Amino acid sequence: MDQQRWQKAMEWPLVVAALVFLVAYAWEVIADLQGSALILAEVIQGLTWALFLLDYGMNLYLAKPRAAWFRSHLFDLAVVVLPMLRPLRALRFVTLLRVLDRTAGVAFRGRITTYVAGAASLLIFVAALAVLDAERPAPGAAIKTLGDALWWAVVTVTTVGYGDEVPITPQGRLIAAALMFCGIALLGIVTATFAAWIIEKIAVQDAAQQAATVAHIKDLEAKIDTLHEMISTLRR
Amino acid sequence: MDQQRWQKAMEWPLVVAALVFLVAYAWEVIADLQGSALILAEVIQGLTWALFLLDYGMNLYLAKPRAAWFRSHLFDLAVVVLPMLRPLRALRFVTLLRVLDRTAGVAFRGRITTYVAGAASLLIFVAALAVLDAERPAPGAAIKTLGDALWWAVVTVTTVGYGDEVPITPQGRLIAAALMFCGIALLGIVTATFAAWIIEKIAVQDAAQQAATVAHIKDLEAKIDTLHEMISTLRR
Amino acid sequence: MDQQRWQKAMEWPLVVAALVFLVAYAWEVIADLQGSALILAEVIQGLTWALFLLDYGMNLYLAKPRAAWFRSHLFDLAVVVLPMLRPLRALRFVTLLRVLDRTAGVAFRGRITTYVAGAASLLIFVAALAVLDAERPAPGAAIKTLGDALWWAVVTVTTVGYGDEVPITPQGRLIAAALMFCGIALLGIVTATFAAWIIEKIAVQDAAQQAATVAHIKDLEAKIDTLHEMISTLRR
Amino acid sequence: MDQQRWQKAMEWPLVVAALVFLVAYAWEVIADLQGSALILAEVIQGLTWALFLLDYGMNLYLAKPRAAWFRSHLFDLAVVVLPMLRPLRALRFVTLLRVLDRTAGVAFRGRITTYVAGAASLLIFVAALAVLDAERPAPGAAIKTLGDALWWAVVTVTTVGYGDEVPITPQGRLIAAALMFCGIALLGIVTATFAAWIIEKIAVQDAAQQAATVAHIKDLEAKIDTLHEMISTLRR
């Protein structure tokens, strides 16, 4: 079995695992689970995590120049291994977002507006969950409910930043920093989409003023070829 | 009667209804109406709302592949039906903005600066009204007057976000979130307009360096056609 | 004397008047003048203002289809007349900025970076002055010194909006709103300049891949013309 | 020895000096050095600074039209001389960033994403150090630890601006203002990169619709040249 077939076969299992992980994590964080329910949610997350680890391991095993693949996928390694350290739990979402992103890319190809809206919604929800998880136990934290966390995530990702609710734990601030840079990227993508659309709209409408295309050149070539033939018959 | 004629016939009545609705709502919110005046304002809003419902119903009735129209206009349905639930009143403005947007598009076609300025002003005014309506009854809310609400809307839509006045009710926060995303879009449109303008400005000025156009190709073709004719007479 | 000669003749006197106005206003606001010094500063500002009024009046008198000029310059009228009402004093700066902008445009034509930097600096300084003038007399205002006002203006124009210093008077808030929209425009211009630069940079470097230009078409035409002549001599 | 060889020879020594300076400054600020350690750190910084001064002096000495070089490098002079005044210490970082920027430009040429990420990270770190240095001694300041300073720098450069931590010293505010404008530039670069990418993506995919290139014109020319030769042989 080669690496490409493995990746193809794992595409959907990984998406399902990512969704299961998201649901289990959301349940744990929103319901603020305790006791056996908490253990169940953690076990489910652990199992899906094991699948991501397995996928990384198999990819490493199957990669042809293994050392080269390892070197060019250090970020994958970090994202799979680091969340084992409890303070870096939020890093699990990077893997989640990457898996969902890959499939979303398949589903929404070409419809950039739908794709950006979907990615932004998922990002806001996931950031709200992660920050709620990090902040709730901290004394004096402002973000204590899912509503607060969602409100904070929207205020942050749009770069409005009222400051009425601000993370105060190191983990919460790391998540916030990541969300801010995503906000800049979001702004960039929205602007760029408008720019592409406007530049297209204001492009010269008069056909005679449009740029000459390859099709036009082909027409000219055909005419010159005819001339060529005509002169050839003249010479005979 | 077909759907297109219905839409054409309803264009101006809907705009008038939207303006009447806007005035009645602004009156109710700004004057903080009580008693019979409140009932009058609510009745006027109800009547204009009935017209939007009628428009939706007729469109559904007249649409040729009715099921297809229904599926592709679920958003319209939501926007017309959901505001009946009192906490979702602010959704009425989406319909309002869409109706005004359609006509504004007719009036300002091509003058993107005027259009963006008009849309931004309307958006700020409408968001201020809706947030004032949602926040005023809440104890401890900072937004209590129209002046406060307008100030808050400007601070939010520009993504400045001082945080001196922040909505605290779920409804107010939903309106704020919508306004923030509109702010991102506003930023995007302004930037894109400048970008299109600058890219046009810095385009090469030297005529000989400009891209070859279809007009140039046509000239070449004419010359080659003349050659063609000349060689044809040679052969005779 | 026609309107065009009047405008040409007034170009530099208006710039000098704008600078004198700026210095007198800055002196009044920064030194928080009282007594006779205040009267002197106000008189100087009044005189420069009279020059702007005179310029408006002469333009109206000299304009050929006078009614048309009046209708298309309602904004100029508002900007010249409204500042007579004391609460709208800050509007004087719009005229000031427009006059300086016209000359700056002459001086910096083509050097967009220098121009944007200059305009942004002037805007920040002028907004800081105007907000200081509006806020200082208000009890409970946070902006009491020029340093505070400049800090506030930078925080606002960049859309950062910490909220540590916020205007609380209606006048101060109007100035702030104008500054915020200028901030959006500033962001837009900076982004657009980078976009134009990057799009130019990533344009294909390989000469053979560049768009065909008018110069190329001219070369082809010359070759075809030569063919034309050769065939003509053949026929003779 | 001419100026170009000097600059080439000094390229790496200056980068090493910049890194040594950065480490020494970070050590002094983070560890809040006192006594002999502080003196050591200051001496190291002074030595690297002497190298920058030497570089400026040699450049001035070697420049061919010396007066012209001096006039067009007033900014370099300011950046090298002003940091000697203690309140303007932070200006030293401008030189540091410029030196690192020059080499980074060599290393990352063409990989704009890596370059922007690297520059943004360095900028955030350096701004955090400088603001920590300026704010820590001030009574009532909110920024007292490196963690706070880094958090503040991220919140500021992304233009989110919560306002939970705000510089209160004039020096800190100058650094903040510089960081804000860098944030605008960062936003601009990110947006522009996306815009360039999207505009490229939505460019017409159909080959026949692509703009005619110089390569196409060359093909046409070759065909016309063949015609030329054929007609020439006809005439003989």
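In this document, chain identifiers A, B, C and D correspond to the written order of the chains, with residue numbering beginning at 1 in each.
Here is the rule we use: contacts are C-beta pairs under 8 Å (C-beta built on N, C-alpha and C of every residue); 3 or more make two chains touch, one makes a residue touch a chain.
Model, not experiment: these values are computed from the prediction.
K.L.:
Which chains lie in contact with each of subunit C and subunit D?
P.N.:
Neighbours common to subunit C and subunit D are A, B.
K.L.:
Does the subunit B and subunit C pair touch with the same residues on each side or with different residues, judged by whether over half of the numbers are shared?
P.N.:
different
K.L.:
Of the pairs given as B-D, A-C or A-D, which one copies C-D, with over half of its contacts the same by residue number?
P.N.:
Matching pair: A-D.
K.L.:
To test your reading of the model: what rotation angle superimposes subunit B on subunit D by C-alpha positions, in degrees to the nearest 5?
P.N.:
My answer is 180 degrees for the C-alpha fit.
K.L.:
Going by the average position of its CA atoms, which chain sits the greatest distance from subunit A?
P.N.:
Centre of mass proxy via C-alpha means gives C as farthest from subunit A.
K.L.:
List the centre-to-centre spacing of subunit A and subunit C in whole Å, with centres computed as mean CA coordinates.
P.N.:
40
K.L.:
At what distance in angstrom does the C-alpha mean of subunit B lie from that of subunit A?
P.N.:
29
K.L.:
If a residue has to touch 2 or more other chains to count, which residues of subunit B qualify?
P.N.:
Within subunit B, the residues that touch at least two other chains are 159-163, 187, 191-193, 195-196, 199, 211-213, 216-217, 220, 224, 227, 231, 234.
K.L.:
For the protein chains shown, what form does their contact graph take: line, ring, star, complete or other?
P.N.:
Graph shape, chains as nodes and touching pairs as edges: complete.
K.L.:
Flag every residue of subunit A that touches subunit D in the complex, lowest number first.
P.N.:
112, 156, 159-163, 166, 170, 173, 176-177, 180-181, 183-185, 187-189, 191-193, 195-196, 199-200, 211-218, 220-221, 224-225, 227-228, 231-232, 234-235
K.L.:
Any idea which subunit A residues touch subunit B in the complex?
P.N.:
My answer: residues 147, 151, 154-155, 158-164, 186-187, 190-199, 202, 207-213, 216-217, 219-220, 223-224, 226-227, 230-231, 233-234.
K.L.:
Could you list, by residue number, the parts of subunit B that touch subunit D in their complex?
P.N.:
159-163, 191, 195, 211-212, 217
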